[in-house]
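Next come two complexes, and both contain subunit A; in the first it sits with subunit B, in the second with subunit C.
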Partner chain A sequence: MIKRFFRLVWRQMNVQLKIRIFNQYTVLLFFLQPLVFSAVGMILARAAGNLAPDLVYTVIGGGIMGMWSGLVFTSTWDITRDRLYGTLELIVGSPTSLGKVEAIRTFTNVMAGLVSLAAAFLAAMLIFNYSLAGANLAGALVSLLLILFGLWSIGIFLANFLVWSRLSDQMVEFLELPVAVLCGFMYPLRILPVWMQDISMIFPIRWALGALDECLSGSHDLAVLGLQWGLALGIALLFWAMARWLDGKVHDLVRISGELNSI
Partner chain B sequence: MKSKAAGGSAILRTIRLYFIQAWFSYRALYLWNTPLNYFISKFGYSFFAMLMFMFIGKFAGLADPLYIVTGNILLMPSMNGISGVSTAVADEKRFGTLSYLFGSPAGRAPVFMGRALFPVLDGFLTAAVAMPVALLLFHLDLSKTNLWLLLGCILLISFTTSGLGFILGSISLVNRDGWMITSSIEVGLFILVGVNFPVDLLPPFVRVISYGLPMTRGIQAARLALAGANWPAVSQLVLGEALVGVIYALLGYTLFRLIERRSLVSGALDDL
Partner chain C sequence: MGSRFAVEARKLQKEFTSRSGFWHTKTKTTVAVEDITFRVNRGELFGLLGPNGAGKTTTVKMLSTLLLPTAGTISILGFDAVKQTQEVRKRIGFTFGGARGLYGRLSARDNLRYFSELYGLEPDITQRRIPELLELVGLSGRGEDRVETFSSGMQQRLHLARALLHDPELIFLDEPTVGIDPVGARELRGTLKELIARGKTLLLTTHYMAEAEELCDRIAIIKQGRLVALDTTAALKRSISGDSLIDVQVKKESLPVLKEHLARLDGHSSMQVLDAPPFKKISIRTPEPGAVMQLLAPFLNPDFIQGLEVRSQTLEDVYVAIIQGEPA
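Here is the complex of A and B:
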């Protein structure tokens, strides 16, 4: 049973990674767009008279942006591609549930997105001499794992809408920038108006990012970090539970109505 | 007399073909969509990109976000001019109608150029609608604005971006990842054409690329018109922008004809 599950995970990840590697759009999502946003941040910082940009937000934030954009577009495009090529029906009809397939694919997409973050860290360290000395590395690692889990939970939640209706892909893709704006990928949340900060509380990555920022600044305050980690984990689990519930609903809907190919 | 009448009817046929092609290609681009999705695709990305850059600017220490607001509004026509036009050209291949198009006796110029008409008008309207919205949301001061000149600049920007759209659409006919190139260039415009900061802040070699692109001069002219400049103050920028737009449109058309000729010789266009 466990062996079969890992075989499924391995096969799915293998195919998914090949698709990602051979898709040039990945380059745009993981590298080019974050680079452009970071460059704008750096030039604006210089225009404002700053000697150096804030590397955590301007450069490493760009990497987080790349991970998020990669997840939104790859996960939506996975379902859209299945619909286009006629393989969505085959997956829905197979004994392995679509939810499980999507969970593995989204996991692969999230992990693949790490290259964007790794590139941003490398750029910060090699080009701008960013140093991790003094940073709470263990805390940063926990925060990063929670960012990944948060991204994954949102990814599998959103995937249901794409199975539900082909028109939802534009709505889901549209979420790319609003979530990036609200979660403060490239600036601290205190910059936002209070009402926007309040809305951002529903996203697990917002809390995990806050904790990552604290850890990179050298904070070891477990009370503050623990609260942010707890909220990130709790909200991500909530997204995961909603995704499971929606998965069942959507699965029933497309099987009962038989309208998978027409919706 | 007869040949004069035949010539007149040929012109009428060409004009009719131009408008019919323009209308059908525009309908093919958007008619399948729901009004909400259409609205979101028009304003959503641009609005939130603008917010993102505004907050990045605020964090960097810029006190006045209006430069970024107006720049991003002026960039809006590029969504139609670049993506719309290039998709209208590239979708011929995607949906398998390119072979029929190349096999038809219809004049290529109206068929090709017609694809820009409605995206240009749509892009112009999008930016024209966004300006009053910015007036309300961001207290954009239009009291000194030379309105007709500003509208003229926006229309010109819409046209010149369609020239780039023609080139990218033609590239998409021979490259399966052409839309990726289109998307990359669109993202690059946030840096290159003076949307979020003046192009003078760019390194000299990047500035050369900036002035080789459509929109750079058009956006500068529109900013001057917003501040109340009159025609003599912006004429050079406007004429330069128009020239760049014409060059890009001609390059796109030439590329399209070259691809057509190559496909007739090799018969391999659908394999690419």
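Here is the complex of A and C:
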């Protein structure tokens, strides 16, 4: 059973990457997009008089921004493409649940985004001489894993809406910037109005990113970090549970409406 | 589950509700399938015919668990298609006509590998099945080529290979030869016959009457969502009045005279006038072709009759008669 699951994960990732990375241009995009975000972040920070810009809100924020944009657009396109190719109903008509397929796809997209983040980070270390000296690396790693889990849980949650109705494409794409703004990918959340900070509490990435900032600033305060990690994990699990619940509902709804094959 | 029927559809109904207006407040309900009941025996090749929009694809999609019926019950190989969806999905294969349903940027082999994983096939089975199936559908030399480089016929054949990956007992084929050239269509029909010889059950929808006549054991005809005929090809042909069909091509200006003359036909024969530019065609269905020929004899000259053909009824004649509303 477990072996079968991992075979499915491997095959799905293989197919997805083969479809996406079909020429050098797409490979270039993987690295180019986060580099652009990071460079812009750094230039803006320096223009604002910050001579030693915060690593999280420039390089890593840029990388996460790239991951989030990639996740939104690729996940949207994955489902739109399947609807267009007529493969969506073939997947639904197979014994493997669409929820499982979408979970693996979103995981692939998040992992592909991680490659972009790593590229941006390496560039920051080598070109802009950023240093991790004094950072809580173990804590940063936990925070990063929670960011990935948070992105994945939101991705599978949104995938249900994309399957449910082709009209939801634009809504999901519209969420790209508001979520990035609300989660404070490229600046500290404290500069946002309080009401916006309140809204951002529903996103697990916001908490995980906050913890990452603390860890890279050298914090080892487990009370502060634990609360942020706990909230990130709890909210991500809530998104995951809602995605699971929606999966069954959407499976029935699309079979009533006939939306699987509508283009 | 030991049902002797591969498919049992009872009082099947499907309605689609569409919404319009900015707030989606206006609703419109369309009945796509209404009160359809039929059975398909195991090992049978069953044809579902009907004009565009008649409800064939909707019916196939309900049978293959892709759509939920609004009313009625479906049993597939003894399993309830609504409640035991997973059990049904493991045992059926399906293809939908046209070029859609494959990943064009992947090779034929990668497409098949992916779908074999979705069907939970063990690697050793996949490794054995893929070359076998590529051979069966005549694509053994093209396994590593991207599907986007394939012709429509090759893509259709690959669809069939995909549907057969998990060795299903029952296969739904929705217009499998649409868009394929005659040679490709003939090869595909050969493959379908081979599947029947291997004991599979096939449910086929098609627009091509010759194809249905050549392949199907029994045929159901759907019109405006309702089942209007169901029988063997031979019985369907017998159900139409007369055994022979006489097609007479006449000049337009001669049509009234000839029609008046042919009004003497006995009550067992029927006549239909069709366009056949630049002429008109009188199609006469009759149990006594000799008597009709005698009646036509005085007009057998180029001023009246441009062409004449006496032939047996084909499935197409039956189909046209039923679809155009003549009593079957």
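We adopt the following convention: the second predicted complex is superposed on the first by the 224 of 263 C-alpha atoms of A that agree within 3 Å, B and C clash if a C-alpha of one lies under 4 Å from a C-alpha of the other, contacts with A are read in each partner's own complex, and residues count from 1 in each chain.
What we mean here is this: a contact is a pair of C-beta atoms (placed from the backbone, for glycine too) under 8 Å apart; a residue touches a chain by one contact, two chains touch by 3 or more.
Quick caveat: nothing in here was measured; it's all calculated off a predicted structure.
Contacts of A:36 after superposition: subunit B is touched, whereas subunit C is not reached. In the superposition on chain A, A:49 contacts subunit B only, with no contact to subunit C. The wider contact with subunit A, measured as residues touched, comes from B rather than the other of subunit B and subunit C.
Of the two partner chains, subunit C is the only one that A:257 touches; subunit B does not reach it. By the touch criterion defined above, A:89 reaches subunit C but does not reach subunit B. When the shared chain is aligned, subunit C comes close enough to touch A:101, but subunit B does not. Contacts of A:151 after superposition: neither subunit B nor subunit C is touched.
Of the two partner chains, subunit C is the only one that A:4 touches; subunit B does not reach it. By the touch criterion stated above, A:15 is placed in contact with subunit C alone, subunit B being left untouched. Taken in their complex, subunit C has these residues touching subunit A: 16-17, 58, 61, 64-68, 86, 89-90, 94, 96, 98, 100-106, 110, 113-115, 117-120, 123, 162. Residues 4, 7-8, 11-12, 14-15, 18-19, 22, 84-87, 89-96, 101, 252, 255-258, 260 of subunit A are the ones that touch subunit C when the two sit in their complex.
Remark: subunit A residues 24-25, 27-28, 32-33, 36-37, 39-41, 43-50, 53-54, 57-58, 167, 170-171, 174, 176-178, 180-181, 186-188, 191-192 touch subunit B in the complex.
Those residues of subunit B whose C-beta lies close enough to touch subunit A in the complex are 33-34, 37, 40-41, 44-45, 48-49, 51-53, 55-62, 177, 180, 183-184, 187-188, 190-191, 196-197, 201-202.
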